[in-house]
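Structures are listed in the sections that come next.
Common to both upcoming complexes is chain A, partnered first by chain B, then by chain C.
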Partner chain A sequence: MSNQNMETEETYYSNYGPQGGLASGPLKLKMTLSGERVVAAEPDVGFLHRGIEKTCEKLQWVALPSLIEKVDYLSSIHGTLALSLAVEKLMKIEISPRAQAIRLIVSELNRIASHIYFLTTMAKACGAQTASQFFLRDREKINNLFEMLTGARLMYNYVCVGGVMSDITEGFIEKTHDTIKYLKPKLKEYDDLLFNNHIFTNRLKKTGILKTSDCISHYITGPNARASGFFYDVRALSPYCGYEKYKEFLERSIKPVTQSDSLDRLQQRVLEIRQSLEILSLEIDRVPAGTYKEKLSKDGKVPKGEAYSVVESSRGLFGVYVCSSGGNVAERIKLRTPSLSLLKVVPDILKGNEVSDVPGVIASLDISVSEIDR
Partner chain B sequence: MIDLQEISPFSYYISTFMSENLHPVFVLGVSLVIYFIPLFYLSVAITTYMGRKTAADVQMRIGPNRVGPFGIFQYVADTLKLFLKQDSVVNNRKAWLHLAGPVLSIAFTLMAFLSIPVADQWYLANQKWSLLHVYLLMVAAQLFLFFSAYTSGNVFGVLSSSRILVAIAGFSVPFLLSIFNIILVSGGSSFVEVLAIQGGAPWKWMLFSYPTTAISFFVMYCSLLIWQGAPPFDILDSEEEIFGGYSVEYSGSRKWFIEQLKSLQLILSCYLLTGLFLGGGHFPFNLETFGRGAQAIQSLFFSLKVFVLVFISYWIRWSLPRTRLNQVIFFSFKVLIPVSIVGFFLTTVWLALFNGKGIGNLL
Partner chain C sequence: MEKELFEKIKNRFSDSKIELLNNTGIAKIYIESKDIKKILGFVSTYFEEKPFLETIIARDIDDSFSVSYIFREKTGDILTFETETNKKKPELDSIASTWPGAEVLEREIQELFGIVFDGKEYTSNMFLADQWVGKPMKKDYVFPEDFKGIEHRRNPLKKEHERP
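Now for the complex of A and B:
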């Protein structure tokens, strides 16, 4: 892979990972270096393969959400949500407005939590240990909310076919208001910690440039694509769970594209935290009355057929294809995860950068290895 | 016959407590032990504890609080643990420079302490050019680290070794320029002579006595950060980029030596800054009534200044992100060197205008 450079300069080979603080999971990079410069980088995955898709064919429908949410453990709501939407398409169930509103709320909460965790890894990759602690402190608030609502802090198993597992608990809405009130001023603090810090911005500028054409040709979605000027947001393009109300808001608050570099992706995430907080503060007061879960038949069977549904996860388009033969067990489950398409552009992005930039660039892409390997 | 007072004033001080018949070499050995045990273990222990507590405070954590009251014995527990661990060395890394690197580097760093007076007559080596000796020893200590990283047989160790050389280059020129500035002002090339023109009160410190020495202080502080490889210039052993760099292949007791070395480098930097700019052990008040105990008070005053500097260093360390390699070089060659050259020039102008007098003398 480094043959074209072999004649002119001396290169050497090095493995980067799979252990180490690069991404959220064991990602290995096979790197050819020339001094401190990256000549070629080739990602190698599969260290976290658990065979989730195959295991799904052995479990009953009701057991699937608890498995699917482990595909991307940082935004587990979105996985279960996509699965539930697909199964509901097959079963032709209409979800009550209350359940939809609750789904939207937890979806946005999870997005904020995931983006704050992204800021943590980003700060860590740039050597800002203290800043990362500050971000984790704020993520705790959202974890507390989830603990209040679902009883769990990371793997919620909350969204299910027919609605959500349990109704909104007492005091949840007030506490969500408090959390929004707490987080909104903190965004100013994030700006101070990240974008007003010259060391931080100078080392992220002009590193890891992701071109718009690459986003389109490799079908890169989510915050990375939006930071590069490719507006692909499932929430706005094919709304679900009542995102129709916020379609205009999402399309309006696009960040102007400047460099499409690591810093832009960082800014995009902070912007999306702000967006999600806005959506949350509107939606949390609009939760209608009604049932939170539809009554389903006791036999747990799903009608024969196939369905595909997509949601906007914290990392982009998350799709679930389900195929049922009419029994208790799924015929086939196939997942479309956003991080996998990112891996295809990693070699191009890293090429020419310095070794010092590699952790920053990889962290800025917010690659979730668990959803690539699944 | 060895004249103790000439070669080692601290040993002479120790010998006044001992029998006169002892051989001077024995006295030298005893004074070395007396000098280095607190330095090598106690002050490093205090520094490590301060570092952990400062980090915890900055990050709004509690920090060590289990071993001993307020966790002060955590360092002892860590030492014991690391020494009881297996020192795993893979067969293809039998290079003696790799194995001996941390210890040799520590030895040279400790040697740099010898000529810095912590109080009147309390310094082990009486050298005429001690400012430059310290510089050479500091470079030698880093070079042993370079050899140990280069022979580690690890790609990231080798990357780190090249970075060490870059850091030496980035540290040397601004550091020497700021030292020349001090030599110009004080007219002496040793710590004793530099300390002789300073006094106990803050306005008699080198830092404030000339308008241009503050520039040297800034330049020297930054260059020492580069030498230590401390944040924001921690390119030598960054965990995320090169997985620990020169320390990547060490385990057990050698890992402990590496940690010890990092703390010693920090203490040495603060020693240098205290001795050169902050008046060393000079006490603001007259200490004649204390007799021979006066020096003990002075040395305590010296350590107080050192630990204040250590605290500030840790504060900086836990506040800033890491710079890139080329940014370190940029900072050193395009910021520090021009600034120190301008400072050097301004010093000569000041000395010519005011006949070599400082601000304190003019007022």
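Now for the complex of A and C:
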């Protein structure tokens, strides 16, 4: 059945989600189907709205990182990092090189953990249950590193205004080296499990095509955009926390664009795991001596003014706008999250795909609903 | 960069009230709400490539709403425009025809602050529950005691459960 005559066929409606929809959070799609093909799809969100921005106006500055990291729980370091950078701008604090290096390391570790979790979701979407367990096994190594450093395995509450909560623990550098050594050969295993498996690749090829023009007009960033040929990486364009050193490396290691489909998005994330491992292996030996946290005034007040900071989270450009009236509590906090931009593009991406491809396409976009419903 | 663009806009739209604000930490170009569409339309063609719309930020300030548009150039530089709208009749022109990504941001602002864009008021909510009463991000928002009869507050623990 061609896409042209789909509209004339008899159509019916079906709901996809909100639970078990393979996006990280409850995402509902009201789909209009013609036979096995999607004619239209309308995303419905709001099942997870927690009013985080409003709650931020009621809490003291010191309590905000633990709340902001729940915006995207799979990439929690990046949320707290963006907030800390914005507040530091207001407070005019210079962060020590040691704290910056630690922030970069945990940021990349979190990116790897998030991307590996993405591979798990992707494998589940395509029915590869065994592969998904292998990915989770490898993610445990990163979780162990975080547990060693922060005491937590998901919500770390580690990056804070002025630096990081605690210094690198004894043996962390050695254990990170071990993890890098462990993960690098595993990427070959991922290739075998995913890209050398024609059942897997054939399911994803030419499904869920995300056009470059859509990425630009809706300002879609992150791995999804990079897989579609829209290279926008905050780490390279507006470097922070010492990413200046890796600017060239990030710009150089771009994957050539082929189809901009679900398979490309999967390959892009595996490539980014590789990139992050490279950055980590260089940075872990370059942690300079010094303090890990600057001393701040004890009154917990932030000077009057506004600031806006962005970081490259696992899903794209994550921005935090802060406005202070000079007191203990924020006047306004606004979060710019990457998944929200995807919302308007999802219907176009799904249109014309078969129903059986929908889980794969949604999983390949790595939509974090907790970011949309903040 | 803001200064250069500010001068260009000021020369081009000499009848409009335009100011360069640089006292809060973010350099902004202030424009009147009635000029939003035409000035931002000019900005979209001013650069070699149309700047990306990063986010729209609404704020409740006493008797008005301030709305900031944050754009990012291809080079990575940020451009901010600010406007204000009256709280009694909060209305603004939509920029979704120039930046399609603005639609979802404007809709979120309508739900949370009550600012109507292009006179197009959505009847159903996207982020909040459809039966939601009030605009939660307004400073004078009163938190409801219950939702559909379900109380938000938990009853205090009975005495026998208290620690001795």
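Here, the second predicted complex is superposed on the first by the 366 of 374 C-alpha atoms of A that agree within 3 Å, B and C clash if a C-alpha of one lies under 4 Å from a C-alpha of the other, contacts with A are read in each partner's own complex, and residues count from 1 in each chain.
The definition used in the following text is that a residue touches a chain if its C-beta (ideal position, glycine included) is under 8 Å from a C-beta of that chain, and two chains touch if they have at least 3 such contacts.
Keep in mind that this is a model prediction, so the values were computed, not measured.
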*Overlaying on chain A: chain B and chain C, fit or clash?*
fit
*Does the superposition put A:128 against chain B (first), chain C (second), both, or neither?*
first
*Quick one: classify A:197 as touching chain B (first), chain C (second), both or neither.*
first
*Now for A:297: first (chain B), second (chain C), both, or neither, which partner does it touch?*
neither
*Give one of first, second, both or neither to describe whether A:49 is in contact with chain B, with chain C, with both, or with none.*
second
_For A:373 in the superposed arrangement: first (chain B), second (chain C), both or neither?_
second
_One more residue to check, A:89. First (chain B), second (chain C), both or neither?_
second
*Where chain B and chain C come nearest after superposition, their Cα distance in Å*: 25
*In the complex of these two chains, what residues of chain A are touching chain B?*
12, 14, 20-22, 33, 35-36, 123-131, 133-134, 137, 197, 199-200, 202-203, 354-359
*In the complex, go through chain C and note every residue touching chain A.*
24-26, 52-55, 57, 59, 68, 70, 75-76, 78, 80, 99-101, 103-105, 108, 112, 125-129, 136-137
*Considering the complex alone, what residue numbers of chain B touch chain A?*
55, 58-61, 155-156, 159, 162, 231-232, 234-235, 238-243, 318-327
*asked:* Show me the residue ranges of chain A that touch chain C in the complex, using the header's touch definition.
replied: 44-46, 49, 51, 53-54, 89-90, 216-219, 237-238, 304-308, 310, 317, 319, 321, 323, 331-332, 334, 336, 340-341, 343-344, 372-373
